[in-house]
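Here subunit A shows up in two complexes: once beside subunit B, once beside subunit C.
And now, the complex of A and B:
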């Protein structure tokens, strides 16, 4: 398994090949989403003349929308969609010839991006807490940050498996890009990317508890902000862990059925 | 003009027959856009559970705004999106050569040749949402108001196209447009929010330089609130300015284009 180090190094080089692109994407996307979300919530807080809504102050809301876009980057990475394209154009064949597991290779490339964006989260969050936030940056906050980062990595694993399940549909279908976009919509809305889940009606929050979605964005983000209890984090970790195992089994099953559909020359 | 119309009809015929070859993808794409519409409507429904007014609008008024930007999105996805997706690749690989030597405007050809037939089905759904939002709107409005709104939504689609082009055209110099395109999709969020939430310099950016707020929010404002000339003239002035800037950069880009492996 020593090859994984070379894969990680190669993927990082690829990620940073177009540096201007990289920084425009990272800073631009994060800041724009943050500014638009803050403007919206500032208006809502002002209209309601309140300082706290569903447990969130405006500053907490700002922090939440700083974490969420980076969280979504951690989940969606850069490499998702490539497997489907490789199946489509026939270049998937090379993985069948390489002396390594295609799924191990794909998981490592995907997690490389996720880990990279997690470190960006660490940097941006620390800048926010040290230079912008009025509350002091304590050891407890750093502990919460590390726990949240670990949860984001677990979430990335779960999302990566869901994405892999969808990508393998391309063994039967010609284009699955729209299915991937649907997954992103669902994750964003039911995961708390659009609005913190505490703003949803109680029945909707209860319905989501056993699905993987609240643990993909909302739980890690709220953990970083110190808004979760130990029990909540532990329960969330178990649920998402079980989902990862379920998704892995489904991926294996789809591969077992679908591998013989692959023609090697593309569709 | 007649020649361009005839050419566009050929584009339409070709796009529909191409789309029907990939039927599963055709269905998936329709489903994807429906989910996009539902998620956007749900987002505002959730917000209205916690506030009776948002940017001065009630939920019914906001529905007019939501329907407007959904319609802009559907129009843009149907007419421009596939072309915009491929344009940077054409420039990078030097494939623009084939378009430059044709006896038609390369901008016309590259912007309109690929009509998304699957998104056309969603355009029908978007029109349905638009009609529903008008039918359930309780305040008075005239047929003229509706025509004005439709005209401004079409103008909004052109603003959206110009903004997207402005993010793609740097590829003539930077070789990759990915960063700018990601930025464009992020900024698309500003189109989906009422313009009144933006204050100070952010308002100047979204109403003048990158006028995402003019795409659907200004048209909705002119329909919902009393028509006022300054807002209308601002909208028209910025639209025209944006078009001129886009054409200027397009021509500059063509001069910088160095054919194969540009």
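And now, the complex of A and C:
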């Protein structure tokens, strides 16, 4: 068996190591966020006395806020920020000793969590559609779900590379926490994590088209909900794919220079 | 073989004046200082050899090890280990090397050690038979068999160090860097680790560089030592020869009513000095003996006496 399969297995074992934390992460967080969002939007719909806002009914909005928090977890995983911390405290040394690429290793651990949360999305979305939603759960819906899950995995790869770029700045700047917070904020705001992107002015939506942000959360979430066309998905996949390649090259460049800065502090 | 030629490392860091004023000033302007952690040094180590690297804190021991393990790049100079330039980090080199740090964990904290070992088996591509033999041999020798299925974070410090040793040696490295492997361990754990390292060295004959502040580690394991002071090698030679360097000296260990102290005295002044001590103090006990290795090394580290 290849080493990366063991890395995946080990990361999953780490995820399952603490039972209460697992269930809180798996169910608790998502349900609380969903209930809060549902209550808020219920109030907004009632105040505005409308049944549709920017193409979203209340049920669609509820579904959106079931998908989006899990989508954000697919992107940010559990390992985002770890590399910067490891560089900061010197534990990064471990990866320099192993006869493998540190970035392959890190990407695999990161995508393992993304895959885990994608599975969570599959389960919770299916439960919602089968037991709560009034609309029937059809084969088309399942196809949309699978396409959306694939898009989320691509988005996770892009976000992971963006995070890696920023995390490696800690080779120069030691503490880059504020940059990570900014990345998360931009992703949520321009990616559709706070509100669906249709709520932004048209000029802002147009300006974002060639950036990676709309394809990180909004496109996969809307694909799962059946709100996208094939052309939109295909174009989004190409754009995000190109960004992944660009980010990968930048990561390589930063590492090429930054590795001279690593001092392995604390040992 | 390890060959080091004029290897040198400088570190640059910023200095900040203490207090809030200093913190505010550092937001706008920073004073950078460069410290020469390792001055140009030369070293050769042959296969099967184990050397002790001795020096006070900040002397440059760990910096040298970090460079030879490929973790940091040197400022200048050359080094090859088993024919590889360490900081190029060739996978073939890393498969034959191990770094064990007494103060850092390399195995995964939240998992039992055996889970980490299975992953390491794949990373280092250890054949199954060799893996099984090594697990058996290492666990047996380190007497840690019963703890391998317990989460690493729940192990005692000594048990964790044993697990670290197992993880680092699973792939039978040809070169081992041991950075203070017995730090923080109680006496029996120290003895166990030393006994294990001696046995491992005998069975597998790796090249080993050991740093330790415990002289017992050095005395038991290292026939050759390198003493490093402020980034420079001040002695490189057999441990046994160190005592000879102060062959003309005798040590007086004195206990008076007020205090206990040691004095190094040239042999020809022994009688005069002893007389003076008796005259100036109410002596309860006095011993005359040759300087111990610890005394000599301490003296070299303090005064930088070069080998004769």
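One rule holds for everything that comes next: the second predicted complex is superposed on the first by the 264 of 267 C-alpha atoms of A that agree within 3 Å, B and C clash if a C-alpha of one lies under 4 Å from a C-alpha of the other, contacts with A are read in each partner's own complex, and residues count from 1 in each chain.
Assume contacts are C-beta pairs under 8 Å (C-beta built on N, C-alpha and C of every residue); 3 or more make two chains touch, one makes a residue touch a chain.
Remember, predicted model here, so these are calculated numbers, not experimental data.
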- Task: Go through the superposed model and pick first if A:25 touches only subunit B, second if only subunit C, both, or neither.
- Result: first
- What is the contact status of A:33 with respect to subunit B (first) and subunit C (second): first, second, both, or neither? first
- Task: Please indicate which partner A:195 is in contact with in the superposed arrangement: first for subunit B, second for subunit C, both, or neither.
- Result: first
- Counting touched residues of subunit A, say whether subunit B or subunit C comes out ahead. B
- Task: Examine A:3 and indicate which partner it touches, taking first as subunit B and second as subunit C; both and neither are also allowed.
- Result: second
- Message: Show me the subunit A residues, by the header's touch rule, that subunit B contacts in one structure and subunit C contacts in the other.
- Response: 18
- Under the touch definition given earlier, write down the residues of subunit B that touch subunit A in their complex. 22, 24-25, 28-29, 31-32, 35-36, 39, 42-43, 46-47, 49-51, 53-55, 174-176, 178-180, 182-183, 186-187, 189-190, 193, 196-199, 202
- subunit A residues touching subunit B - in the complex, by the definition given at the top: 18, 20-25, 28-29, 32-33, 35-36, 39-40, 42-44, 47-48, 53-54, 69, 173-176, 178-179, 181-182, 185-186, 188-189, 194-195, 199-201
- Note on the structure: The residues of subunit C that touch subunit A in their complex are 11, 62, 66, 69-73, 89, 91-92, 94-95, 97-99, 101, 103-106, 108, 110-111, 115-116, 118-119, 122-124, 151, 179
- Item | Partner subunit C, residues of subunit A touching it in the complex | 1-3, 5-7, 10, 13-14, 17-18, 90-91, 93-94, 96-100, 259-260, 262-264, 266-267
